[in-house]
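In the two assemblies presented below, chain A is common to both, partnered first by chain B and then by chain C.
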Partner chain A sequence: MRAGLRAALDSITRIRGVHGAVLVAADDGLIVAEALMEGVRGNAVAALAASLYQRFLRATEAAGVQRPEFLHLQASQGSLLVVPAPSGVLIVAVAAADINVGLARLEMIRAAEAFA
Partner chain B sequence: MPESLRALMAEVERDPASLVVLRLAESLRTRGDLDGAARVALSGLEHHPNLAEAHDVFARVLVDAGDFERAWDEWGIALALDPRHGGAHKGLGFLAYRRGDYESALDHLELALAAEPTDPSVVQALRVVRAAAEAPRAAEATVPSAPAPPPATPVQAAAFDPPEARTPASVFAGLEGGDHGMLLLDPHGRTLAGGLRDAAHGRDVGEEVAAYLAGVSQEAERTARLLELGEWRWIMAEAEGGTLHLSRPKDEALLLLARDRSVPAGRLGILAVRAADIARRWLEAQQL
Partner chain C sequence: MTTTRAVEPWTLEPLRRFVAEAGARLALLTTPAGQVIAQHGFTRAVDVMAAAALGAAIAASTAEINRMLDEPKFRALTHQGVRHGIFLANFETPRGSMLALVVYGAGSSIGLVQLFMEDLVRELAAAAPVREAQPRTVLAADFERDLNQSLASLFGREI
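== the complex of A and B ==
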């Protein structure tokens, strides 16, 4: 894995409560790079996050608010966070339900900017 | 500028998250600087979205600015956070009185008095509303066709109806953006109630957006299951021009809220909880 990609993922996975981060190709949901805890299914994370993001992309565009800059799925025992990078890559994090979302969002946006 | 106001400003500048921000907003409001008060009150809400007092202060600014609908909503949020908040009951009592709904006004003012028994303004307000409520009854006794209380608009009137009695178009009446930024849809992408308008042009986009969100519930469910995240609660998409919040008030329905970016994400979540409660009651009534 390229050092830049590894650094971007590390900055996210260092946050308390983050179980892992994946870089995903937005159009086909394939993994570009990953840093996941054991037991977290990278392929599933990538495919599902990309699919969910694409759905919301169409919905936000139809609603006239342009493309999502941050997508947050909250579930009872965890959360899924997605930030698009300008290069057509999605930065995806799987985290605990009570994660500091503000901090994770900030790090993910920073990582996305690094891809520009 | 008085020294006390200067001191409040200095304190807020030093610590923007301080609760002094609420006192500053109130001071600016009472001085008539409504733009400044609104700015400071919103900043208070950003830092304290779950504090009833912050919503109460902002509602008072909105009332002074003549934005009664949003004030209603803010006080509603304050009550959702703290059902015994005297200021919110007092404010809602005033708005109900203004709409000619004396019964609701009395209910709120009596609750306000229970919360703040020594507040003379509540006692005075109760006297005024009781007198107004008695006047039409006295007139009815002598004049068969006594004039009705001040008419409310259909949307305002609907806000006083229980959710189960509302029409699909007015399900979210009384909630901020209830007629153009809240949409209830089924899992197959069909709209059930509410409405959604394009943020830029005001075009009705409810059906289009609902169609794109068809199946998202199953997808979110699959995602949560495969990643062992438990049951999904909501999804929020923050975009450049606004935020969409999707939740599932019942198994067979999704609720979408759309707001511009001036509404903080936390506040949008609170609005969504209130809207979901209304949606649930309305859906249950439809199934009877």
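== the complex of A and C ==
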């Protein structure tokens, strides 16, 4: 894995409560790089998170508020966080329910800016 | 309204689920020789026959390149067009090898198609009936009749 990609993933996965992070091609839903805990299906997370992002993108564009900058999907036992990078890559994090969302968001936006 | 139809009834529900989940516009299950097993989204028999023949030809030529390179069997090919993507995969079932030809649009992605293809392969393996002890011999004289019966099953009418 390229050092830049590894560094981007590491900056997110070292936050307490983050179970893993994936860089996903937004159009294809394919994994660019991943650092996930064992047992998490990376290809499923990548494909479905990209699909989710594309649907929200259509909704926000239809509403005239441009693209989503941060998605936080709170599930019963954890969270899915998505930040788009300008390069067409999505930064996706799988996290515990009690994660510090603000800190995770900040790190994910930093990682996204690094891809610009 | 687009419909899903199958010559082999046990393939129908897995294919329906795949199409719904992957957001495929067209889907075709065939044998490696191009004999149609099930289809979704095609409205004309001639399109099904052409797609089946082309899919089988692409799979055969790619398999031959693999063989020349001492690579394992042909598994999958993807073409990303401007408005549509095409995915062609070869997989095993208890009833033998199959090809899946999938066309998807902007509402889906190659990631989704690959993901749900894994489920389709699993579901087909679970749904496949036990192979007959004595496979039926295919005679040249039966070919046209079988083809017409298949097309009638796929389009729900006499061809």
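Here is the rule we go by: the second predicted complex is superposed on the first by the 116 of 116 C-alpha atoms of A that agree within 3 Å, B and C clash if a C-alpha of one lies under 4 Å from a C-alpha of the other, contacts with A are read in each partner's own complex, and residues count from 1 in each chain.
The rule is short, and it goes like this: a contact is a pair of C-beta atoms (placed from the backbone, for glycine too) under 8 Å apart; a residue touches a chain by one contact, two chains touch by 3 or more.
Keep in mind that this is a model prediction, so the values were computed, not measured.
*Asks:* Chain A superposed: clash or fit between chain B and chain C?
*Replies:* fit
*Asks:* Based on the superposed arrangement, let me know which partner A:A62 touches: chain B (first), chain C (second), both, or neither?
*Replies:* first
*Asks:* With both complexes overlaid on chain A, does A:D28 touch chain B (first), chain C (second), both or neither?
*Replies:* Second partner only.
*Asks:* Just checking: does A:L48 make contact with chain B only, chain C only, both, or neither of them? Give me first, second, both or neither.
*Replies:* The answer is both, since A:L48 touches chain B and chain C.
*Asks:* Counting only touches as set out at the top, which of chain B and chain C does A:V94 meet: first, second, both, neither?
*Replies:* After superposing on A, A:V94 lies in contact with chain B but is clear of chain C.
*Asks:* With both structures fitted on chain A, tell me whether chain B or chain C touches more of chain A's residues.
*Replies:* Of chain B and chain C, B contacts more residues of chain A.
*Asks:* Taking the superposition as given, does A:A75 touch the first partner, chain B, the second, chain C, both, or neither?
*Replies:* The first partner, chain B, only.
*Asks:* After the two structures are laid over each other on chain A, how near do the C-alpha atoms of chain B and chain C get, in Å?
*Replies:* Minimum over all C-alpha pairs of chain B and chain C: 9 Å.
*Asks:* With the touch criterion stated at the top, can you tell me which chain A residues are shared between the chain B interface and the chain C interface?
*Replies:* Residues 44, 48, 51, which sit in both footprints.
*Asks:* Can you list the chain A residues touching chain C in their complex?
*Replies:* 24-25, 27-30, 43-44, 46-48, 50-51, 54
*Asks:* How about chain A: which of its residues touch chain B in the complex?
*Replies:* For this pair, the touching residues of chain A are 40-41, 44-45, 48-49, 51-52, 55-56, 58-60, 62-80, 94, 97.
*Asks:* Inside the complex, what are the residues of chain B that reach chain A?
*Replies:* Residues in contact with chain A: 196, 198-201, 203, 205, 208-209, 212-213, 215-216, 219-220, 222-224, 226-244, 258, 260.
*Asks:* Would you pull the chain C residues touching chain A in the complex into a rising list?
*Replies:* Interface residues on chain C, with respect to chain A: 80, 108-112, 114-115.
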